[in-house]
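All chains are identified by letter, namely A, B and C, in their written order; residue positions are counted from 1 within each chain.
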């Protein structure tokens, strides 16, 4: 994933219209890049669903052997729907090579040009991510729709309009949250040389705690030291759940009413914190960086 | 499988009608073309080599001269067995190269300019040792040859350093040594002096000449530098657009491809306008120095007249520079080729 | 970063990934006594299965994957040319010239896990099972090796930069769990395909099954089939690889 258009272009003429035009050009270049890989086009997107196939078979076997009709409130069909929905969430919240790209940019010094020029690096990254995501959706919409349609039997009836609105809102917020969390992560490179291991550790925790592997509700029976507080409750306080679990649970009707409102509010709180942290880290990091000179 | 009689015969390399084609896809430009590119791709055929015939005897030193993309490297890759041809046959030391028989691979060596075959992070001495293992060289013999070659090129102090720390010229020398350690009967060199400074080029030229004489190795060297050719060999093969344009000695190129000579006059004073031009030859006047192109058959006639007409301080009669002849050759063929290719592109989907 | 520190870090990261998966499996067994009704894969046998997978994958990741994934780079830079002119078997050189010992960390954990699981079996496996186990592990490694070589050959033919690891992940994804989970109208054909056509389901299932579940006539059949698959895999892959080399295009001069 490359930032194919220079940020100078975005800033070169004043006014917002040229910026929009260069953003549009970035979009088309990105699209061309994607289309250049012919076989990747359909096959690549479909291949991403393969791990889910294995998971579905696994859970089916689990349900077959246990005498329960549901696990932590999820029937077998629910689980299939859940995994598919987390794929959709991940399509919004996953930021491939964002942290890695930022850390590389810092390490090899190309971040200098953003310090000298009146360009907002984070703003630029956000804009380019939006472009990349849009391209991804254009390319992936057909395989996704095909799979979801094919599996429609596993889904419960569609929720009401208000829930759908909440769902869409949570998706958009998860995009922003995912972006700012990983951007902050990448900026650790201002202080540490070996960032890839830290990034990997983050990915590990995120994978485990975001509900990507299993619905967080399944941790509800696991006690923590504190009475009345299960492991699920603790994990759900963290921001990770919004990158996979939360929107999926909303659509499936596992989170409703006040709980839903609280969840959205918490998501917004975490987003504000993430943006704030990101800005702060950038400010401190660039101060430290330019202190080194040269 | 190889033919025993071939080893004793003089023909070390026999090539007949060797041809190699590649199919290449054009990358679409622009968004709409990219979408169309999903369903339909324009492709064309590149004729890297078009039916080449060649015969090389034992101990010959042959240079293949040609511009980039002429097919020289493709030719060497075919003879080394790296790729297989679309058509035609070849035998090197009696073997079919692309069968890649171990027996064959032990008897030749390939050195590619700017491409490393030595281990990047290890000192050359290690690479040499590995080479000995792979080629199963007798240790006593190996030590003797290695020391001799290292001595000749004066690189003894470089053997302990990792190869990546050395300059291009130094690396090239070590590559050459590595190639000769197993005493190959045939040596293929692909643009060995490319990117090297003049001194390094000269050293390598000397080295190659000496080695070739001493061990009567058959050498095929590709290059686009005239200097390599002039310094090293008598037989030149000019390659352009995948075909052999000329195969013979260097001097004969001049005879074959040009009909005139360059006459340079150093006059006492710059000539008056039109004074030289009236003779009717194409000429270039630079102050007191005049250079004319005169058809060979007319030199004997024209020269005395020219000398008589001016105050001449110095005169020289020379062949058209080789570079120029060859460059013209390349250009002429290239133009013809481009026309043919353009026609083919329209025909292919 | 120093070499040793880097090595340690890579060991830790692969261990971290593995412990996460183990935690997930423990979680599952909170909800069910076994995986797949009547399959025999209760907790300890299942962990023996996981351990077997860890060991086999560790061997493959250490010995073969680093060299194979470098192949794409070699094809791109023309380094493959130098290999082809040497009087040495190209496949041998290309599959064995680089190792990655940090992958052994998972293998060691796998061995530990296996010991823990086997000690807790209600019935000890017969001696013949212990004798067959390492042989079947070798067969599993051979089957995977053949697959790697075929992927590498495909890379040479296509000349693309696609990382081998991606394909590898998708293909071996199906072998992560016991074959018994693939049942039903979709599962059965998948299971047949992955047992008889691309036999990845034999790789871990057969050695683990020999140890963890009672031997029967059917299991002997599987053992024989695994041996056959190992030989076929290695043999076919070599043919395929040679064919790819014959069509090698070589980077432009």
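We take it that a residue touches a chain if its C-beta (ideal position, glycine included) is under 8 Å from a C-beta of that chain, and two chains touch if they have at least 3 such contacts.
Everything quoted here is computed from the prediction, not taken from an experiment.
Steps from subunit A to subunit B, taking the shortest chain of touch contacts, total 1. When every chain is reduced to the mean of its CA atoms, the largest separation from subunit A belongs to B. Distance from per-chain Cα centroids to the pooled protein Cα centroid is smallest for C.
Chain pairs A-C and B-C differ in how many C-beta pairs they share in contact, with the greater number at A-C. Distance between subunit A and subunit B, defined via averaged C-alpha coordinates, is recorded as 56 Å.
Centroid to centroid, with C-alpha atoms defining each point, subunit A and subunit C lie 31 Å apart.
As a whole-number value, the distance joining the C-alpha centres of subunit B and subunit C reads 48 Å. Contact with two or more other chains is made by no residue of subunit C. Within the complex formed with subunit A, the residues of subunit C that make contact are 1, 9, 12-13, 16-17, 20, 23-24, 27-28, 30-39, 170, 173-174, 176-177, 180-184, 187.
In the complex of the two chains, the subunit A residues touching subunit B come out as 28, 31-32, 35-36, 38, 41. Residue ranges on subunit B touching subunit C, taken from their complex, read 22, 68-69, 72-74, 77, 80-84, 98, 100, 102-106, 108-110, 112, 115-117, 134-135, 190. Per the touch definition, subunit A reaches subunit C in the complex via residues 47, 50-51, 54, 57-58, 60-66, 68, 71, 193-194, 197, 200-201, 204, 207-208, 213-214, 218-219, 221. Contact residues of subunit B toward subunit A in the complex are 27-28, 30-31, 34-35, 37-38, 41.
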